[in-house]
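Order of writing sets the chain letters: A, B, C, D, E and F. Residues in each chain are counted from 1.
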Amino acid sequence: KRPSHWADGRANMVNVSHKPESLRRALAEARVRVSPELAAIIQSQSLFKGDLFTVASLAGIQAAKRTGELIPLCHNLPLDWVDVRVELRDLTVVIEAEVHTTGRTGVEMEALTAAAVAALAVIDMGKSVDRGMVIESVRLLEKSGGQHGDYRAPDRREEDAK
Amino acid sequence: KRPSHWADGRANMVNVSHKPESLRRALAEARVRVSPELAAIIQSQSLFKGDLFTVASLAGIQAAKRTGELIPLCHNLPLDWVDVRVELRDLTVVIEAEVHTTGRTGVEMEALTAAAVAALAVIDMGKSVDRGMVIESVRLLEKSGGQHGDYRAPDRREEDAK
Amino acid sequence: KRPSHWADGRANMVNVSHKPESLRRALAEARVRVSPELAAIIQSQSLFKGDLFTVASLAGIQAAKRTGELIPLCHNLPLDWVDVRVELRDLTVVIEAEVHTTGRTGVEMEALTAAAVAALAVIDMGKSVDRGMVIESVRLLEKSGGQHGDYRAPDRREEDAK
Amino acid sequence: KRPSHWADGRANMVNVSHKPESLRRALAEARVRVSPELAAIIQSQSLFKGDLFTVASLAGIQAAKRTGELIPLCHNLPLDWVDVRVELRDLTVVIEAEVHTTGRTGVEMEALTAAAVAALAVIDMGKSVDRGMVIESVRLLEKSGGQHGDYRAPDRREEDAK
Amino acid sequence: KRPSHWADGRANMVNVSHKPESLRRALAEARVRVSPELAAIIQSQSLFKGDLFTVASLAGIQAAKRTGELIPLCHNLPLDWVDVRVELRDLTVVIEAEVHTTGRTGVEMEALTAAAVAALAVIDMGKSVDRGMVIESVRLLEKSGGQHGDYRAPDRREEDAK
Amino acid sequence: KRPSHWADGRANMVNVSHKPESLRRALAEARVRVSPELAAIIQSQSLFKGDLFTVASLAGIQAAKRTGELIPLCHNLPLDWVDVRVELRDLTVVIEAEVHTTGRTGVEMEALTAAAVAALAVIDMGKSVDRGMVIESVRLLEKSGGQHGDYRAPDRREEDAK
């Protein structure tokens, strides 16, 4: 199996002109570990909480729409829906980004880009309190639609199997 | 210590108009875990290798210049230098992004954005071979310049202490 | 009736993946009041007049295409047509922006964005002569296509009734 | 007095290369009239209120940074501060946008663009409830710094005189 | 025959809302003449060669996706494929850019923009060695799809006739 | 002499953080050959003429400000002045783009980008009349400021010598 971007020894976009349009969905996550001090500020101060979550969510939504500008070999696509959910679980800000579109190519990169940029915005919002934040994981959780078959991350498949 | 973005209960940019211009530097990293199959393709096939690294590097450089568009409360800044180094170490693609500028505000977010977007480009390049890639870590390694003092990540400080 | 952007207490895009594609049209206007001195310069000096109108018109057209980047919860859409008409009526520069597309969501925001940015460009062109210019009105005039029914601004409906 | 953009009968940017750098400030406002129904939703439902205001504010901040892309003859500038304040007063959403920079040219257009785009975002947020919203006024309130002297809008000067 | 952009004496986009979607293809070229010294560096030093070609190619691909932002009266379009091929022939860097899409309007401008921006990137890469580089030719080679019929550049037609 | 972008066998930006700020100027040209039919339309129809020239000029100005986004290894810079002059000489549309800035790096690429994109806009404006237009030459004419010394194109130096 050869990487589809690597035809002829040079970088190139995948030609999707002969693929049919269909509904494509992708779900990605990013996790940002924060200090107890920052977690406490996020959790206890309801006035401020909205902002961190809204700013991160909007940053992710905006980035998804510009994925084709950021990732050199991605297609530029109109998107039907971008939803970025942000919440604090203990010392981790958990971000889930979901993207739907009706098109000729999948939207994994759009979901991953939304999650990653939302995570960067979390760091920007909190960095004056906690300079050691780490984005611990950015990954695809689920994907459906298209010729290559659906995908579920290994831990999600285990859950399904239970 | 209150997050500097959260004055008055609403999101806002930090006002840097009264800060002096000075040289600011930041170094960030991102790590992408890949499958043995993808690592072998990256490592053994020299024709293709250049591409993966160059595409990721350019994606990171381009993203750094647009950080102010991606991160809502970041300043838009001319940058003096962006360097994105990408290499494969066992099953991890390691990305280091370094940014320098002469300005009134730091460039941590620019370095982090460059590293994160380069990592997203790695996923885009390899995803037809390995759909389970994970960006395992995106974090600030070092920062210098500006009023808030220099910063080194904990593991870097330990190394210094040896 | 709840605002469709406000589901679950967080900002989000409307999911349009299940809507059919159809022809959507929107017409918006913006009005910029100018001083008699500036109006005279615009009106009498034919050499210059073309420029003011062309610059404003192009600024509006360009902005319409980037509405999804400017308005956080708007969809990014390919547009079939953007037309921005600019003229001077007494002391008012009147701008009409019309947008057509074939898609799953309407183009009101595209037309409003085109009109508003064209009006900003008018201010930029004339501000060295008249620093007191005011954009007095930016509003939707007409909209057709889509599930929510057509719309005509109240004064247009009155005209229709005559 | 000839409009400074209209030298030689063709549109062009003002050459600022011989101007000294100095601190420039501008304050602009935009007003969006909303229906009683929408005003009540905005005012009474605190869960949602944050969102409308935050989304509008962020849209304005983001637009200010891209003024040079939107307004053809504006300079592209790094900005030291952008602050967009949004509040509901009776049936009007009042937006004030303040921009500071240290540069060779003023930031009126940046403040006006921030205010106008924030107002467009208000319309986008509320349009499913109220299709008749009107941006009633976008104008410069104050400006300081630079060679052309400070500016205060007429009604602000009257207030000063009291 | 009147230029289709010039209706009513003002610049405007062509309205394509009533055209059917179909597959459109365009092929454009750009040629950059370089000095013997630069050609030798490009040709002999295989380590570096990859970079020049990859950077130019990616610059072209990225630019094609943003043609609607660069060319004021172009439509903004999702593209199915962009391929930018770069090679050195004697003292000329030859760039061919091919674009496919399924849409209501052609992609000549996208192919020409990709070729021209790739050529600009070649100049940027080599200008520290050769300050006299010239982009000698940017032109459309072939176009197919759409109502106006296919097109082949005159020298290509001659070749066909042989 | 090694190309400055090619350190360490990988593409990278030039680090300018230790260079002093100074006034930089660059002048570039692009030439578009048009058919007699198109030249006649441009020349004789004064109503339309303004548009072609203004659209091309604005496209060039806008592109210059975004050079850092288009050319991967260029710095993103605030520009003090961009001027794009367009005229018809016989069967050639001649474009001259001049850029000034006060900064740590030169603006050749900004001037070349402005000229090239203005030329692309000329093709877009005229392509419904003349599908065989060719951009025959894009090149740097003059450059001043910075450490590497001033530059004048060979034919300009000959003129000087007379």
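Note that contacts are C-beta pairs under 8 Å (C-beta built on N, C-alpha and C of every residue); 3 or more make two chains touch, one makes a residue touch a chain.
Keep in mind that this is a model prediction, so the values were computed, not measured.
J.: I need the common contact partners of chain D and chain F, sorted by label.
T.: Output, common partners of chain D and chain F: B, C.
J.: Taking all residue numbers used at the chain A/chain E interface, answer same if over half belong to both copies and different if under half do.
T.: Here the answer is different, because the shared fraction of interface numbers falls below one half.
J.: If you average the Cα atoms per chain, which one ends up farthest from chain A?
T.: The most distant chain relative to chain A turns out to be F.
J.: Can you work out the rotation angle that lays chain A over chain D using Cα coordinates, in steps of 5 degrees?
T.: 180
J.: Could you tell me which chain lies farthest from chain B when each chain's centre is the average position of its Cα atoms?
T.: C
J.: Centroid from C-alpha atoms only, then distance chain B to chain C, rounded to Å. What do you get?
T.: Result: the chain centres lie 38 Å from each other.
J.: Between chain C and chain E, what's the gap in Å when you average each chain's C-alpha atoms?
T.: 32
J.: Which residue numbers or ranges of chain E touch two or more of the other chains?
T.: 10-11, 51, 54-55, 58, 62, 66, 72-73, 78
J.: Once you've mapped the touching chain pairs, tell me: line, ring, star, complete or other?
T.: Graph shape here is other: it fits none of the named patterns.
J.: Which of the chains touch, listed as pairs?
T.: A-B, A-C, A-D, A-E, B-D, B-E, B-F, C-D, C-E, C-F, D-F, E-F
J.: Could you please specify the touching residues of chain B with respect to chain E in the complex?
T.: Where chain B meets chain E, its residues are 50-51, 54-55, 58, 62.
J.: In their complex, what parts of chain D are in touch with chain F?
T.: 10-17, 68-69, 72-73, 75-78, 103-104
J.: For chain D, which residues count as touching chain C in their complex?
T.: Those residues of chain D that touch chain C are 1-6, 9-11, 37-38, 41, 47-48, 51-52, 54-55, 58-59, 62-63, 66, 70-74, 108-109, 112-113, 116-117, 119-121, 123-129, 131-140, 143, 151, 153-154.
J.: For chain F, which residues count as touching chain D in their complex?
T.: Residues 23, 53-54, 57-58, 61-62, 65-66, 78-85, 100-102 of chain F touch chain D in their complex.
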